[in-house]
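These are the structures, in structure tokens.
Same chain, two partners: chain A is paired with chain B first, then with chain C.
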Partner chain A sequence: MGDSTRPLESDGVFVTSQWVGAAVPRREDARTVQGQARYVDDIDMDTAHVAFVRSPHAHARITAIDTRDAEASPGVLAVMTGRDVAAATNPVAPRGITASVTQYVMAVDKVRYAGEPVVAVVAGTQYLAEDAAARVHVDYEPLPPVVEIEEALAEGAPLVFEEAGTNVLLHDAFEHGDVAGAFRGADLVVKETFRMPRFSSTPLEPWAIIAQWDPGTGAFVVWSNDQQPGRTAINVSRTLRVPIDKVRYIIPDSGGGFGIKLAVWPYIVILCLLARRAGKAVRWIQTRSEHLLAGTHTPEALIEAELALARDGRFLAIRVNSKENDGSFVHTAGIYPLIKFAVIVGCYGIRATAFEFSTVVTNKAPTVQNRGVGKPGMTFVLERLVDLAARALDLDPAEIRRRNFVRPEQMPYTTPTGEVYESGDYPECLRRALELAGYDEWCRKRDALREEGRYLGVGIAAGIEPGTSNLGYYYISRGRPDFLGSVEGAMVGADFDGGITVVTGSVDAGQGHATTVAQVVADMLAIRPEQVSMSTHFDSATSPFAPHSGTYANRFNDVELGAVVAATRKLRAKMLRIAAFVLGVHERSLALRAGTIHVEGDPTKAVSFQEIAAYAYKKALLLPEEIEPGLREIAYYQNRAAKVPRREEFNIQLTHANAVHVVVAEVDVATGFVTLPKYVIVHDWGRQLNPGIVKGMVIGSTVHGIGAALYEEFLYSPDGQLLTGTFMDYLKPVALTVPRFDLGEMESPCPTSPLGTKAVGEGGAITSLPAIANAVEDALRPFGVTVTSLPITPEKTLRAIRGARVI
Partner chain B sequence: MTPERFEYVAPASLDEATSTLRDLGDEAKVMAGGQSLLSLMKLRLASPRYVVDLGRVPALNYIRDEGDAIAIGALVTYAELKASALLRERCALLPRAASVVGDVQVRNRGTIGGALAHADPAGDLCAAVLALDARLKLVSTRGERWVWAGEFFLGMYASVLEPDEVLAEIRVPAIAGWRCAYLKAARRPSDFALVGVAVRCRIDGRACADLAMAITGVSDRVFRARSVEEALNGRELETALIEETASRSMDGVDVSGDIHASSEYRTHLARVYVSRAIRAVGAISGPPTPSV
Partner chain C sequence: MRIRVRLNGRTVEHDVEPRLLLVHFIRQVARLTGTHVGCDTGNCGACTVLVEGKAVKSCLMLAVQADGKDIVTIEGLANGGGLHPVQRAFIEKFGVQCGYCTPGMIMSACALLASIPSPSEFEVREALEGNLCMCTGYEQIVDAILHASTLDRGHGGPRRAPQAPHGRLGHGPGDPGRASGTTEAGHGR
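Let's look at the complex of A and B:
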């Protein structure tokens, strides 16, 4: 509160220092845990319901669709086929790929994955819709499916998109620095082929949409849990052939995003078409089965990589060839490769990189960004190579990292690909993690227990967690820069009663935006966070937003808060002008305290926010002409560290946190089961705005990584059928299998984010994969096992122990 | 995730339940805790025309001391089995198996009767009652009959229960002081068993007696490990014998394979768990098991 009243400096952000950085409880929690949050399906509105007929085949021609029985089914309002969609919409616009292909938001004449929507049915209830969907008769002529990367690349492979003439929709190669020279001069080259699994996020709330059509205006209103309304507005408008203003987007509470809710928009198009066709608002709440089958996945990857080293363990160059299975959706194909440049050299001073990639399409489910996008895979590969190198040189894994870290005095450090690491002390981060873990002690314990036939291993991984995407990089291979930098908007205003209200362009999917924003605004206006009201419900009619707007890529702490700070400054300046007028003094002699503005040194000469608001709205006639009525200020923020991405200089992300994970794994060598008795994280998160939220993010993200490391994988049969279609088969980590996490502290403020913050949402999912793999491999050193793939399942582990030697 | 249309019937007594089943024939499906049936219905993998809910039949929820046996009503939940002081003292195998079924929510709703009638080939309680030589009371309007657990399970999700019958009671022997163990290998604690081994025995002097072992998760149904029982009964449990017996325990078993465990891996895992289960009842240490 306002005890620490300070005079305003001309460029000061905060006037008090009470709330930012304090352990303020999340204001979202009470209603969320009591079931009072309002998700899309909680919207109390009379709607019809949608059910989809989905392809049972991975690859087939649709030879006939008979919808007559379904149309005659009780309660049915509309039935729509892919051809109906094609007649009413534009094809999906690809983002990354260079190949020219045509695809619509529903299958037209051909299905490309098992689960692809073929027909949509609208009926009065969900039951009736599903009953009717079962009465749609579709004739298919099965085509040979391509399922795995190797099949798709084979000579004469069936084509997912015939018009492309290939299953590789994007291929490119880059070289930064003298790679050939570095490999020629190397004393040692470690080389391995790695496999990343196809996995995903599976938020508690799957995709959800309500669409309403107004025949009088031709406008739509859409309620959804979309993560990126800015791009969605563009995509939907282009696909639906309506101007952006004809679709209003409302995003209420969202039950988790993690990236996969960036792909809701094709279904928004479908729901809009259905609402128009049925003449009634329609509702679709994706089922868990649909989510796993036809939601979106992280592409699996086959990554060949080699690291060139000098005899003393110095890393000279890295060469990577990555092939990713992007499934069958062209909009997001090619999203995963280029972002790897953000972390291709990790925390190390590697000065030469070669990167070649192929985006492969197959008859698997679509892929989309998922927590960390390509960075968990790239970091897995790099940190595995580092351990393999340490072993080859008989160096301690901590020591080889120490010798190669970018040094704190080199900050800001520009990597060979143009990524700028703003700040950080990587050696210190490692030192703290090793100390917190009791590294030497665990190594001794490991050696001692081995004598008793117990197999423990200690794993270290260091990772970079970038934040805020400079989205233009997606378009590099296409040579058409777009979506440059990262822009976000916010409105901060005072209501008629002086209460402070914030509206943002980003959307909350559980991150606690309202809590954090209230802390920031409270310290900027010398009020309490409770006095700041923020709706986490996005509404495109009232929320200031940009094409980049949304919550993804760890951008809230940077650009959204940048916009909030800028808007709050504007508001504060205007309130000061009004107060100066009312009190008859100069603005420079004013201070803020506890919801009032007073003359510095004389708190009795004060005007409350409420009075200021009264002047702004009800008594504006009394204000001098040069003060506009009203107290609602909008600001947009661009992170100016962004440069236009070029092939020579990628500059993919705009903030860079780093972390070290130290993990102890124990392997039951009779069964292959792995447990994690110790898990230590030191994550340099920059300035913490809310320590509870920051630590929760780091832990949650690490649990996600444990899933990919030990449990999660979408498996397909050779004919392209998903084998892991329920949570009985697609295994998430659960409370009983997740270790206790010991978190250290480390704060190197980021000089390029408005409040010194760095990213925390993805680092756990990036760094944990190699940390766990390194620990398991260390545990199994007596058996000569190398970990090259994830997840590390008991069966794979046992096979490796019993002679296969590779996980 | 919506079931097809069905009629819901909730009889208030066992008599009413059996007469309902007689009238509805095989178009009806009995529901107890609903933990298996409702999932199948929501996925439309099962679409019974009638669901006969036993939840309102109060007379099926009891755990009763019957001297040399303990009588358990079909509607007793896993959580109640786990918490029962009587069972813990007199028949500890059952609460131990019940304590590792699913998660807390499943254990609060799922019932012993439902679990056995469902005859899941990876059911934890199926193995426990089989190892216990439990007796099952099946009731219909035609009368009641008792079957041994060993006669009950016919195959995957198949038992001798007729469509008009209700599994009303399970009787397990009172075996206070006996050694018992239920060891389960699963990817995560809440999962179905990749392998589950239920075993009970007495130690008579130094020899093992009345050892019975049932195995779940391995084949199309739970089964008794007869070769293990024959090899160990009357013998002193010692390491070489245990290992030799365990290594042959899957001989002749048609071991199933799936994405979580191939047939080969599951066979190996079953041998390891047979060995660990025997060592557990024999209180014999063996190769180290990591503490989880």
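Let's look at the complex of A and C:
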């Protein structure tokens, strides 16, 4: 360990190569496996409890609310209606949409989805709060609901937001390259209409909030499992009409996020109001039923797409028209269609793209950026078109991809919309995946087993997994980019005893950030990871966080580690200055080793971190005047590849991993059940910092995709009632229904991320969807079945086999 | 109703409302928060504990039904210092991500290894069917349990379900293990 050391180059990051890249066990886990993790509801604190009265109707006018019985109920401390909330708050601020609409964090006068909060009740215990909530009487005048996309677009459809005059809150169209010319000159056009389901990655811990108000200072403290404290601070203070410093956010352990916890903040606003009204700290732990009913989903999408090809299989252009059902939450409406641009050409050298989209609102539950955000749907569509084209041209699915991949010598490659693929070798990634899968052998086996009445199929999909959102894209249609790029902050310091402490702006929801940060800092300072302290809990009072801060869009490996590296560099430089002074030598002659700084070539002339810290704090008077006391350094970092969005050219995301999935699916044609006997993933992660963590991310993400591909869908009745509202009927993958995965190795370092890393958190959830769909369609070729929708449920599969021919 | 249970080897006696769920008794009355709640319908398994050595979803049982029973939660595994082999294996094999399912997974694994000391991969996956994990895709959890089945046991596991150290709960009024300080009605925090 900590063996010294290359001489410190002026731009060198690491001085040892002991920890980065090693499968260091996660420091987070010893607490977790003993039941000592602390999630929000584990906080031992005297609080009252909140229960919500939720709308039983999808669309209705509220004609009367009578809270008198509830207020008289045992233990009740406060009751608030939507009107009470609206009187004390600003409306929700939209991001993507251009239509002007007004929505508050609770229903006011009208409900827009079944499950929308109408009244909030605070009581001494959870049981009493629920008892009292049952005694709130609300009169509704039901309105005709608008549930599906087609209904919302129909002439004379009821309006979800009357003031908008339409159910389309954002419509836009973009064209890059000569699309019309490419389609005119095409030898073949493959065209299909696809449906993506409404689903969710459903973190196992639902949303959870405790809010406390101090009447003396008027300040709030909020404990929640929010995953984006930067934007939440802005949203909450704006909505609650208080300055940012009046709300302190503490995020303890969080039981998964996957984007779904980006929409906790409206409830934080409500909890703050309740804490102030009740004069007591209040706690709300969302139930699973509430979570599935009301917060939040991936929007379903209806996507028409066409791909223009030359006779030899070259892709010339793609045209997409996408309609998303964004439900009823104006804050996130419009995000999904915009982010799809990031992967509209996938791994291919398509030079002309046209994209038109409509963000449709309905009386379904709110939507939010679920793992992959629109890119799973776009990749599903593109990779399905590729397979349909291969079949039309009688080309092997591997061969048609090979002919169209962006080639390694073209890197860095700029797509027609301005997305920059920094590095990668897509043909090699495919080659490795096919080899690992035993592709040819499985194809032979498939053909042989068909003779026995068994239906196997082999599916290939190639996908891009972008990381680090350039947030300006949200605002591209509005033309007023507000949030640009991606900034993160970190503080790295030496304590009085020489121990190293790191504070970042991120939130850990299972990613093992503290483990990885400790590995990086250890190799930068020639110490052991155990000597680096980092809390897994976020606290806005101590964190140098930024408005972008949070854990989403695969940004940890890029900007967060960028901030950590930058702050550690500053700290190291200062420690070297102090050491040079103490040892009486020039900084350039120093090296680091095992918690000391010594004269290179003479380890006996050394000063320990502890002694350096003593000089920085306790003995600062001895330092020369030009060395400032103290040893804590803050750095902010941003990925500078971000462009300021223009319609002609913009990039949505700033790093680009890629993957190839090769899947074998077997369809039981008697029951319609699909199993996956072989699953190969080759994911180019740029560089692995901790292979144990990376492997878990890649597999876990892929299983989210398996859920969306085969099992999961929020189904609604025609009157807007959620039909799949528990884990009894909203089916998740379980240990028995997922395969064992074969992972290949592929590392093409990213030149624009600080350590060469690329994203790994979302790629599995992106590429798996088409890989499975392609495999199922291949398995059902004897029946002439085409897969145009997900999930591929037994029911849909049987209908297709028995005559419908379409899943 | 007054109930008395043996919880991780300690006797806990308390007045509870008849409707109080066992998981809320464990979390809110006994203040053992390692047992989690992830759904309302008994599907997710985050609340799995051992009752009389068998894996039970504590959200599907009322506290009054546990009267007189021996219960082990995640906090009761690492008795006497060292981690239980299943706990160690979860760390070594990266079986944890967000950790919310982990206690329930570990309790299910302990019940499995008590009845099948050397399970096949299929048997492990089958035994976990009542436990949802949203993060890992299960593979590293399965690997951890297979690994645990090969580890030598320091105490209690993995080859038999952990038992409370003092054996079965007696019903005599003067049980020396009685917990103190928990006298108000059941579901307070």
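The definition used in the following text is that the second predicted complex is superposed on the first by the 806 of 807 C-alpha atoms of A that agree within 3 Å, B and C clash if a C-alpha of one lies under 4 Å from a C-alpha of the other, contacts with A are read in each partner's own complex, and residues count from 1 in each chain.
Throughout what follows, a residue touches a chain if its C-beta (ideal position, glycine included) is under 8 Å from a C-beta of that chain, and two chains touch if they have at least 3 such contacts.
All figures in this text were calculated on a predicted structure; none of them were measured in a lab.
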Which partner does A:Met728 reach: the first (chain B), the second (chain C), both, or neither?
both
Which partner, chain B or chain C, touches the larger number of chain A residues?
C
Applying the document's definition of touch, where does A:Ser289 land relative to chain B and chain C: first, second, both, or neither?
both
Kindly classify A:Leu204 by the partners it touches after superposition: chain B alone (first), chain C alone (second), both, or neither?
second
Report for A:Glu162: first if it touches chain B alone, second if chain C alone, otherwise both or neither.
neither
Who does A:Glu626 touch here: chain B (first), chain C (second), both, or neither?
neither
Touching partner for A:Asp394 - first (chain B), second (chain C), both, neither
neither
Classify the contacts of A:Glu409 with the two partner chains as first (chain B alone), second (chain C alone), both, or neither.
neither
So, does A:Asp41 touch the first partner chain B, the second partner chain C, both, or neither?
second
Examine A:Gln126 and indicate which partner it touches, taking first as chain B and second as chain C; both and neither are also allowed.
both
If I apply the document's touch criterion, which positions on chain A are contacted by chain B in one structure and by chain C in the other?
126-127, 287-289, 726, 728, 733-734, 736
For chain B, which residues are in contact with chain A within the complex?
1-5, 43-44, 103, 185, 187-192, 259-262, 265, 268-269, 272, 287-292
Per the touch rule, the chain A residues reaching chain B in their complex are 126-127, 130-131, 134, 287-289, 452-454, 666-668, 670-673, 675, 677, 711, 715, 723-724, 726, 728-729, 731, 733-734, 736-737, 793-795, 798-799
If we count contacts the way the header does, which residues on chain A are in touch with chain C in the complex?
23, 25-26, 28-30, 32-39, 41-42, 44, 46-47, 49, 124-127, 201-206, 253-258, 283, 285, 287-289, 509-512, 692-693, 695-696, 699-704, 726-728, 732-736, 738, 740-741, 764
For a test of understanding, state which residues of chain C touch chain A in their complex under the given definition.
17, 19-20, 27, 31-41, 43-44, 46, 73-75, 77-78, 83, 87, 90-92, 94, 96-103, 106, 121-122, 124-126, 128-129, 131-142, 187-189
